[in-house]
Amino acid sequence: MNGENFALSEQIVSSSYIRQGSQARRSHEQLIRLLLEQGKCPEEGWSESTVELFLNELAVMDSNNFLGNCGVGEREGRVASSLVARRHYRLIHGIGRSGDIAAIQPKAAGSSLLNKLTNSVVLDILKLTGVRSVASCFVVPMATGMSLTLCFLTLRHRRPKARYIIWPRIDQKSCFKSMITAGFEPVVVENALEGDELRTDLEAVERKIEALGAENILCVHSTTSCFAPRVPDRIEELAAMCAKYNIPHIVNNAYGVQSSKCMHLIQQGARVGRIDAFVQSLDKNFMVPVGGAIIAGFEESFIQEISKMYPGRASASPSLDVLITLLTLGANGYKKLLAERKEIYSFLVQELKSLASAHGERLLHTPHNPISLAMSLDGLEAKSNGAVTQLGSMLFTRQVSGARVIPLGKEQTISGHTFRGFMSHSESYPCPYLNAASAVGITREDVTLCMKRLDKCLKTLKKNQNVTTPTSPVPPAGPEDPPLLYETELKIDQRCSRSFTLLLSAI
Amino acid sequence: MNGENFALSEQIVSSSYIRQGSQARRSHEQLIRLLLEQGKCPEEGWSESTVELFLNELAVMDSNNFLGNCGVGEREGRVASSLVARRHYRLIHGIGRSGDIAAIQPKAAGSSLLNKLTNSVVLDILKLTGVRSVASCFVVPMATGMSLTLCFLTLRHRRPKARYIIWPRIDQKSCFKSMITAGFEPVVVENALEGDELRTDLEAVERKIEALGAENILCVHSTTSCFAPRVPDRIEELAAMCAKYNIPHIVNNAYGVQSSKCMHLIQQGARVGRIDAFVQSLDKNFMVPVGGAIIAGFEESFIQEISKMYPGRASASPSLDVLITLLTLGANGYKKLLAERKEIYSFLVQELKSLASAHGERLLHTPHNPISLAMSLDGLEAKSNGAVTQLGSMLFTRQVSGARVIPLGKEQTISGHTFRGFMSHSESYPCPYLNAASAVGITREDVTLCMKRLDKCLKTLKKNQNVTTPTSPVPPAGPEDPPLLYETELKIDQRCSRSFTLLLSAI
Amino acid sequence: MNGENFALSEQIVSSSYIRQGSQARRSHEQLIRLLLEQGKCPEEGWSESTVELFLNELAVMDSNNFLGNCGVGEREGRVASSLVARRHYRLIHGIGRSGDIAAIQPKAAGSSLLNKLTNSVVLDILKLTGVRSVASCFVVPMATGMSLTLCFLTLRHRRPKARYIIWPRIDQKSCFKSMITAGFEPVVVENALEGDELRTDLEAVERKIEALGAENILCVHSTTSCFAPRVPDRIEELAAMCAKYNIPHIVNNAYGVQSSKCMHLIQQGARVGRIDAFVQSLDKNFMVPVGGAIIAGFEESFIQEISKMYPGRASASPSLDVLITLLTLGANGYKKLLAERKEIYSFLVQELKSLASAHGERLLHTPHNPISLAMSLDGLEAKSNGAVTQLGSMLFTRQVSGARVIPLGKEQTISGHTFRGFMSHSESYPCPYLNAASAVGITREDVTLCMKRLDKCLKTLKKNQNVTTPTSPVPPAGPEDPPLLYETELKIDQRCSRSFTLLLSAI
Amino acid sequence: MNGENFALSEQIVSSSYIRQGSQARRSHEQLIRLLLEQGKCPEEGWSESTVELFLNELAVMDSNNFLGNCGVGEREGRVASSLVARRHYRLIHGIGRSGDIAAIQPKAAGSSLLNKLTNSVVLDILKLTGVRSVASCFVVPMATGMSLTLCFLTLRHRRPKARYIIWPRIDQKSCFKSMITAGFEPVVVENALEGDELRTDLEAVERKIEALGAENILCVHSTTSCFAPRVPDRIEELAAMCAKYNIPHIVNNAYGVQSSKCMHLIQQGARVGRIDAFVQSLDKNFMVPVGGAIIAGFEESFIQEISKMYPGRASASPSLDVLITLLTLGANGYKKLLAERKEIYSFLVQELKSLASAHGERLLHTPHNPISLAMSLDGLEAKSNGAVTQLGSMLFTRQVSGARVIPLGKEQTISGHTFRGFMSHSESYPCPYLNAASAVGITREDVTLCMKRLDKCLKTLKKNQNVTTPTSPVPPAGPEDPPLLYETELKIDQRCSRSFTLLLSAI
């Protein structure tokens, strides 16, 4: 309420109480003032009531919420369903304009503020998490892959002759497809095996550059966060190489914001060499729903060029989610989450190590990967063909999610390119294995439960080469057990096994 | 609740009441059954409680909501903010997979169902609104422009040699940029002036095709819904031409779903010639927030090809919005909205006509445009240079949104291409004018208020060549007046005028 | 946002857009200002966004939402569940203080404002609906019965010797119990049969007064709204009699606010005689959840005396509900609802009349009852003993709610007092009958559906004296049929019949 | 979704994923099953999604949510505002029936279940927290005072001749008024001073009983939780006395559920003597909004008698709040809250002790009071008359809530009875003091902040007899400081002082 309304209230309720209420309101306004003034993520998280107060304030500034508005255009922010209006806090106009996803909308001052502030707060977080010299960024309501595509499409205008993208292999379809969709030819560079780790083969990259000719190469497309035993690319060396050959460099930093190591690689790369843009997922780094990414870089003009490439308005939903989340967590809250993640990573290392040794397997030694781990499945594979796949299906059935099993020798063709040893980032990795990761938001309990269930599955598979129906009735579900009470577990596991195989081939 | 729980409830509350409650639950289930069985938009809209019940049911099927789940992956649908979780009904996993935006997610059966059902319900609506032979479609969380880009990128793989896109001119930046972003060269074909209408110059199109060579042309990119006095392209003839020359044809049907005429054009085009895909905006046709589009076509395989081009997962937010909206409205509710729109279109024609004649202007005769209208501003322009722009700013200040004024002779360069007479779809349209549209969701009150305010503005501008500060105090805002109480209206109007000019150049 | 924050926003988004947003905010503030200034129900209803903005503003004024508050008391408005906090808009402190339910709370300026404003807005509505000279009222979070009890308890302090309450009979348990609970002895005065109507027997009332002695009588407890064929008490005459004998007069106006006739009776009663307080239900008159009432009167001091009788704080929930509802509807919206109710009453009269005559029954002639109607069930009763009760159960099973059947000759003892002919307000009403009412919020469709189902039930009962299992399968539920698909309707109907009999005896 | 719908879903999304989703749904159903089966508070709290799923299930069972319902009654659960419907989860019918607040409603099976389950879960919690032999209880939507009134009104019917209630003095208005409102004459028994503690004067009580005659006494009305230096009544001895004289005994256990000591007193009282009912506040014990209470007892029939005294239906809102809260917390969560409270009590003891000694005051020795503490203000009072009151106002201004200051010698007349030394539970307590309490939900931070601010206030008051305007500008608010930035603190403090004095007299 404004001053006038507070004054009127004092005639209804004693003025000292109203005055205190008005002072209380000011303290919310103060938080908003700091945000508007500095454009930074607040140190301490806001209460939900401050967040909602702020979003309501933004909403009343959009023309669709003007009490006296009359609209005779084709896009007036009208909403048919009140459920929909409510879930978007009545912010309906999206972000950006036809010319530029970062542009201000005359009809929607509130949504425009939301957009600007989100980009500003996110930039602050990128700095805090390690890329101190980042110059500009924006949130885009597309997942990482499509955002990479947008970067490549932008580069095309700078390098009209270029046809190739140099890409140290990483076995994730969307990375590969981001280049195909943009209309370029990916040049896959196999990784080098160093100990257990798969790392960038720098010499092979350089050989490719020289073979193809720098001017024919759109960019180098490198990756930080990835599944072990692959480790983040040697970003520093690649950046230097890009600078040397004058080739753009786009980094896929998918879920790297959560790891100081990944962020450090990018900061260093930009310092010693060339990084044109780096792209990160919103959902994987900030615990929001799938569907947004941040495109960031060290030169404001290039980032603007990309934002101007997006034709038309865009959904404000991912921006809204990440803004709510960061205001609620505050910089301290987010840092605390990252610290916990790191700690649980160590816990996971230790747990997987002892589990592996109990089952005659070993934790692969991948010290350069700060998030993902891999445990060999040599013994399991040796015992029975197909047991590795079956383990995957058993874990799925037991509600262990995210624990991928990687059998040997899969082959997959994507857009005409055949990958041998698909999913393992290598044509012939020495052993099958299982992945587990400590990603932001994981809890100690996740790890404990996962280990317990994994242990049981491995025991079951070992005990019984041809796993048969358990004769004893399935015990009631306890908190440490998934609540799946299939009559004949095996049957289900087998059925799942089939869909699991399909699933593997679809990753 | 399941049968067991209803039985237990009968021991707490008399069984005949519980049984009636359980029957009542069944009636919600019946509605859901029909939806799952037929995949169609329900005839009658659902109550909000059925909609929310259904969404909650979907959510419990996603692994992030499993009570016993433990996650050790890098993307587990974790959410940091409960405000965010709640506004997405705890559906966090988005839609699609790395390979395909239409693919099923093993971790998210509920979100996958949501995705499939949304596409199916939307397909049903496209049929109902006139494109009866549409074969396939999908919702994509990108606005129309970026969705067109995706279509063009997909075509590139079919026509690797093609560099040009034939495009009958329409002055909306995002349409033009959708081609630029995809890396193609737009070939702008100026429109022909027929009476007041600007229509497709078919001969010019054919000349361009022959001049460039069909094999060098990626596609023809035509448009249905647009601002008067431009009218929808001659889709039928263009489709026939595309068939004749074996050139793909992509139709920008931005807000055409709401008009049976636009939909009929597409249906006819596909019948007599070739339409590969048509793209429409979600927000403009279905009254949902900005940020989604539907890509549809007559050949399932091509539409799948496009959906497979989207690299990675995507936001489920636009799908969720349109599904909620269509379930709430029902087919009948949506048809009712369209009927009202049509009726108000006639009302707007009539109102604008009499207003125009009262001010010595005229309603341009554009019978082929079923949504947008234009009123000449000859007299105003004659009186004073700049009055047209000032009218725009005055309307903006008075909370009339969507009423665009189009002055003569603007020039704008977009991505290296210069448009003379920008915003008017023509290098030299005979007169300046003002647009108003009857789009879905408009109310009779919108029209009445707009006319009243427009009338006042025109009078003010006429009375006073150099509009001066009103001497009398501004009267209190009534329902028919915008609640803008600026001290010195002129100053504001002038300031707005400046930003309005910027604004014009940014459309 | 305050001025400072708007100014900061102008540095982020162009100032003319922000300024417009800030003006838009002012228009919400204007509505709030009017409310605070006048304390009246707004003419036009507010949008949901204004309502929520206002409630959020109130909430930030309560100490539990102060950002810097520290609490070391035993009642600090702490909330354990965020679902609970959210559903109360974070207004946790309730209303009133230990001394007085209308008192201001130092810890909760916002909740105190809410309480004051609700009472003020409700008072305005009581005036608008016909009791123009009402002086004071307050909302109490207790249903009508308990609120009547509170009035009687207050009167005890004024008339310590009085033991009796004179009560023209109305067969609703809670009315009777309100007196018993307060510790008084109800003196039941049987109604007089005038035509079909049951009306106050004024002479009998006066005889009782004289017999018992005015000083021994706590008050006369009369009733307006009631089920036909009883009609509202002769309030005017009773009020005059109370004035004459100097006896307090409490009117149970349960759902009478919705009827101008009932309100007029009270207004006239107060004008010509004595009414100390009149009590009305919130849910029945204002379409809010059950649980609140308004205690109103013509002398402020007595109403305050009652409000001071409530020991301790109270739930703000009913106040919140009615305030939200009245702000959303506006005075015009509420008046429109009442006009519709009246219109549907006429429709119901006409429909029931023709249905009755089609089945050889008749609509009882009860012109003094403006809400409830009764249709005789003579023929049905004649045919079969128990058919009347069975009709009730059949209607219940078919989801016709609120259509009560009243068999003859029920006897019920409540707190030691035996009512012959219970439910019919009379020891020996001439015929059994069925009630239907046109209450606020009813739709034309309710009436149509009810008539259709009632017609079917009557036909079924007539066709088949001993209604037997339908041999044909039950047809699928259409919109005109309740979705009850019992296998053997009869069995259920019979089972229901039993619980229905219990039910009757419990009303 | 039911089985049929899951089967249909398998045709849309692969069956193994759907099956897993369906299993996941079962795990929610299992939790609900346990609740229905056992009627107990779940050990572990439910997730919000289970809670909401359950509430939605209840709502669909109420007739106002039947899709095919038609209503022709006067109370059909219609809701005008969707905001209101939503905040009550569409549970509109309230609880109870005209005859009994615990009765089942035919129109509302879901609300009836809610009511029964809430009472059952709450009973379980009363047992868990120490009153193991409690037999029955129910939630009533009235605060503690009015609930006590209802108990007294019920007793009247058992003891029609009784006029007095024996009441060991406790200075809270609502306790006193609960007896006045019920129409009885409170017989105030002054407390005995034992060390610093004020405890029940058992001999005085017995003298009163004998003087008045047991048959003239309605009941003894004792209290557990209270402000120090008063301590809980000697419930055991009073219960024994009541048994001996055959007098009913009602215990006001306002916020005693949170203290095992208070609960133990009641359990013991019932074991060795007589307790007819004990009443506790919902908000103070369960962190829900103000407005509900639990009436509990050791004999089911008497508790039913009370529930049957409530005439008419009642708000379900308090029941809903406490059910949501307890399901969300689980028994373990609630026990954890209580354990924390106890721990912080010790912390508060220690902090207050050292603060007191630093300021030459002392913590009063009140070991029998498990929640509230008192620190002497002798020195402050000695220095300046009025300083004690001013301290109260300063704390209020600094957002320290709940820290009451008790000056000497206040006199207050309530309903004709004059209390000397009001607020101190004693006609002449030896010293003025300040109260602070460790109540459920308090945090360690609350205590720390309170001590800091209290320390500052005491220093300011000491330094400057006539506190003057601070000359230095008020520093910016930090987290340890309240955000009150008054220009002239003193003025405000003085103004507050006045309202604070009023405030004191109103408690």
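Of note:
Order of writing sets the chain letters: A, B, C and D. Residues in each chain are counted from 1.
One rule holds in what follows: a residue touches a chain if its C-beta (ideal position, glycine included) is under 8 Å from a C-beta of that chain, and two chains touch if they have at least 3 such contacts.
Composition by chain, UniProt nomenclature: A, B, C, D = O-phosphoseryl-tRNA(Sec) selenium transferase.
It should be emphasised that the depicted structure is a prediction, and the values quoted were computed from it without experimental measurement.
When chain centres are set by their Cα atoms, the one at the greatest distance from subunit B is D.
A count of contacting C-beta pairs for A-B and for B-D identifies A-B as the more extensively joined pair.
Between the CA-based centres of subunit B and subunit C the separation comes to 46 Å, rounded to the whole angstrom. Chain centres here are Cα averages; for subunit B and subunit D they lie 54 Å apart.
Per-chain CA centroids place subunit A at a distance of 29 Å from subunit B. Looking at subunit B, one finds that residues 14, 17, 20, 24, 26-27, 48, 52, 63, 66-68, 82, 106, 396, 399, 477, 479, 483, 499 touch two or more other chains. Only residues 1-2, 4-5, 8-9, 12-14, 17-18, 20-22, 24-29, 31-33, 36-37, 39, 47-50, 52-53, 56-57, 59-63, 65-68, 82, 90, 104-106, 109-110, 112-113, 116-117 of subunit B touch subunit D when the two sit together in their complex. Listing the residues of subunit B that touch subunit A in their complex gives 48, 51-52, 63, 66-84, 87-89, 91-95, 97-99, 103, 106-107, 141-146, 148-150, 153, 156-157, 172-175, 177-178, 180-183, 225, 227, 255, 281, 283-284, 286-292, 309-318, 321, 324-325, 328-329, 337, 348, 371-372, 396, 399-404, 414, 436-442, 445-447, 449-450, 453, 477, 479, 481-483, 499-500, 503, 506-507. Interface of subunit A with subunit D (complex): residues 14-17, 19-20, 23-24, 26-27, 30, 44, 82, 396-397, 399, 477, 479, 483-486, 492, 495-496, 499.
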